[in-house]
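These are the structures in question, set out in turn.
The two complexes that follow have chain A in common; it is paired with chain B in the first and with chain C in the second.
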Partner chain A sequence: MERKRCKEVVGMALEEKIIEEIIQKAPYVEGNVRRAKRIDLKVPADRIKEFLELIKKEGFNMLIQISIVDWIKEKEFEAIYQMWSVDKKVHAFVRTRIPRDDAKLPSMRDIFPVAETYEREAHEFFGIIFEGNPRLGPFILEPREYEKHPFRKDFNMLGYVKAVYGEDFDRYDENKTNYVI
Partner chain B sequence: MENNEIKYELKEFKLFEPLFKWARKKSLWIVAFCTGCGGIEMPPLATARYDFERFGIMPNPAPRMADLFLITGYVTPKTLKRIIITYEMMQDPKYVLIHGSCPINGGVYWDSYNVVKQLDKYIPVDVAIAGCMPRPESVMEGILTIIRKIEEGTADGWKRYKENYEYYRKNQDELFGEGWREKDAKRWLAWL
Partner chain C sequence: MEKVEVPRELKEEAKAHDMYLYPIEKDTYELFFGPQHMATENFSIILKMDGSRVEKAIVNPGFLHRGFEKLAEQRPYFTNIALLLRICVPESDVPENIYSMAVDELVGWEVPERAQWIRTVVLEMARLSAWMFWIFGFGNELGLYTAGQWAVAYRERFMRLFEELTGGRVYHIYTIPGGVRRDIPGDKWLRQLRDTVEYIKAKMKDFDEILFDNYIVFERTEGVGVMDKKFALDHAVTGPNLRAVGIDYDVRKDDPYLFYPEVEFEVPILKEGDSLARALVRRYEIEQDLYILEQLLERGPPSGPYKVQDARLKALPRFKVPKGDAYAHVESTKGDFGAYVVSDGSHKPYRVHIRGPSQSHGVTVLENLLVGARLADVPVILKTLDNCPPDIDR
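Then we have the complex of A and B:
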């Protein structure tokens, strides 16, 4: 009872209605309400482009960010397209998973022009190839770091730091066996 | 032997050297080149409460007219290229004051792939202020220290840079790769 009233007060009904409408048009999507004004949508990677086209027509017309999560045990990258609906004031996380080796996604550049920059950044830090984006390549980092994709979980950070900046600043414990921070 | 020695002042001007030192310590102009988070600590120093202009310090956009180089936070390799070029563009005598823990030993970025751990290896440093972030009081203390060192003649980073140029150049080349000046710096400074 309390939860129901809480839902009404916060206004979760709007989010559930949005998810229902989206699932009607795109039955391959799993959706749930995370909290007020925030929804999660899981999309298979091969249909991500048509889904973003659809969701743009639904009113989510602003791409805020493309963030990548490296799930190293599952050998997958999770790409999260964060969409904002200006009219409804709802934030949607569109999640999709791709295999870690040979990571490829279609470029969203022709739907959202701003995606070009986000894709360049994701490409530089994680090594995901966005097919159709002509400007992939060294962007923010030095070329030496670009080759290694430093945000991947299997990037050997301390080894790289020691090789590049010298070994003077190791932080060992007293026995010089373990790293301490 | 005498030809190899680097001369810093004319013999005829030896008499006026105390006057020059007094003038230098009273007119430190700083390059308006802020890296990292310490740049935001400059406005309290420049405004009414601490007011560094009473020491003759003035922020200046041109490296050719500046005496003091404040490095106000972490330095990435990309910034370090600009710092080295700016430092070399400054006229002698020039002084470097580093600000915060990060240029000293990496600070909180000690294991970051993209932060220079020890700035001392790439350009000479006269005064280092530890802290994250140092309060304006400690920055004032650092500035007073550099004024005192100029008076004593021990702020000799620019002399060390000339004398040990091979050492600094070797470290810079190790970090950026040989020929970085020709490749990168030429794009910003056509006359190099």
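Then we have the complex of A and C:
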């Protein structure tokens, strides 16, 4: 039996055609093909809602996840809307960047109702405010941990643990810096 | 408190029997469902009840939050395997595999065929043992305990095979970036696996008699928790739950990985979208998984190494991964399970984000489906959605 490589099953022509069609309708987008079944789309933050509405009409009908990456050196958050098209069978990364100190994005709740959960999570862990989502608040963490935003890169994990658990956390030594937790 | 008038038909019927029905007082109350309740498995739902009907449901997760994604940023790449697999307890091989596949893509490794074959067999074994565990839960919620106890006994066979292959029963820590941790023990193990597949195949008709072809199950599940196509797509429903609505999406077919392009199988699809359809899709998938394992065993493991031959693998703690990001996903029994890994070129991942299917099934979908359901149907809806709280919390 001849081994069919996953990457050769579908050629790259489909992905390039999808990007061409999208750029025709939304010239503000930068797009490139990552590999078979993966495309990258960079969108400015102020047009993200308009673009997701457009891409939903183009067939990307499932919002799989909203991943946030904290690029602390560049002082930016990157929000990656992971989209899957059930008909075209292509995964799209819709990327946008927002400043870290004024982290605000429009809520996608009315386009994709599932975004509500993803936004609640991103708000709790990173402190991004999603305008238009009424349920932002303590979700997974305890209420006392709310507004600490632990997934930010500048969150002091050991310091927080010591402040909360105090004497119980006796292994912690302030003079040591090379902790592997 | 609001007074509710007795309907006229009821009043007349009562009069015929020389009885009088008093107007009742509408009484809504809050009910904390879980985390001790067996059906919810470590998360709770706050139900606003009107009698025995649910008026509003608010999901309250977080009991299992252990900050795995944050911890993964503090550890070297290979150490994270032992951490991330705890995100999905019944099939711990799924997080191992998605993370390993994402790291493989980042490094640019072409995993050897033998390793791909072993990974596929392990994933299918994990799927089957998770199905058995699901039958246990589903049977218990309906009061059919016998089916559940059989299923757990059959699952034990897979646990033993896993123990021989990996050294662990529940958490295997077996799939690593670049291949698998060690080779298959030998032909005896393959024979045992073939016997187990045959055994479970023969036993499925018992499950049909007692569970899937049972009038009680039909009565309890038909028309309960109905979804339509638009709702399912808008709420990112994946896996068997999506296929029960009539949408054909299976990661193994649509974004093929490992050895799946080489095996034949069908994707069972039903249209109804209720709890019965969701249960039956799962029943048909067990058959397909047994068929996939049969084909893989018939083909036999390809010869060659079981992990990539790379000198960098000798210095694991300082193993550096090139800059970039990758997303890998597999079809788990619960749905589309994905991992997004970002590397900044150092020996620790810059960000790991796991996408569990229950993030949609367990929060927005559940909150919507529960409205109007009876209290007795809450566990049925929970179990047919196959909700797994650890991947909401992580």
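Please note the rule applied: the second predicted complex is superposed on the first by the 156 of 181 C-alpha atoms of A that agree within 3 Å, B and C clash if a C-alpha of one lies under 4 Å from a C-alpha of the other, contacts with A are read in each partner's own complex, and residues count from 1 in each chain.
We adopt the following convention: contacts are C-beta pairs under 8 Å (C-beta built on N, C-alpha and C of every residue); 3 or more make two chains touch, one makes a residue touch a chain.
What you see is a predicted model, and the numbers here were worked out from it, not measured in a lab.
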{"item": "First, second, both or neither for A:L141, with chain B first and chain C second", "value": "both"}
{"item": "Touching partner for A:Y165 - first (chain B), second (chain C), both, neither", "value": "first"}
{"item": "Which of chain B and chain C A:P150 touches, first, second, both or neither", "value": "both"}
{"item": "Touching partner for A:A13 - first (chain B), second (chain C), both, neither", "value": "neither"}
{"item": "In the superposition, chain B vs chain C on chain A residues touched", "value": "C"}
{"item": "Chain B/chain C common contact set on chain A", "value": "141-142, 150, 157, 181"}
{"item": "Chain A residues touching chain B - in the complex, by the definition given at the top", "value": "141-142, 144-145, 150, 155, 157-158, 160-161, 164-166, 168-169, 171, 181"}
{"item": "Sites on chain B touched by chain A in the complex", "value": "77-78, 105-106, 110-114, 116-118, 121, 175, 177"}
{"item": "Complex interface listing, chain A residues touching chain C", "value": "1, 3-4, 6, 9, 37-38, 61-65, 67-70, 80, 82, 84, 86, 89, 91, 93, 112-114, 116-118, 121, 139-142, 150-151, 157, 180-181"}
{"item": "Chain A partner contacts - residues on chain C that touch it in the complex", "value": "61-62, 65, 67, 69-71, 74-75, 113, 233-236, 238, 247, 249, 254-257, 261-262, 299, 327, 336, 338, 340, 342, 350-351, 353, 355, 359-360, 363-365, 392-393"}
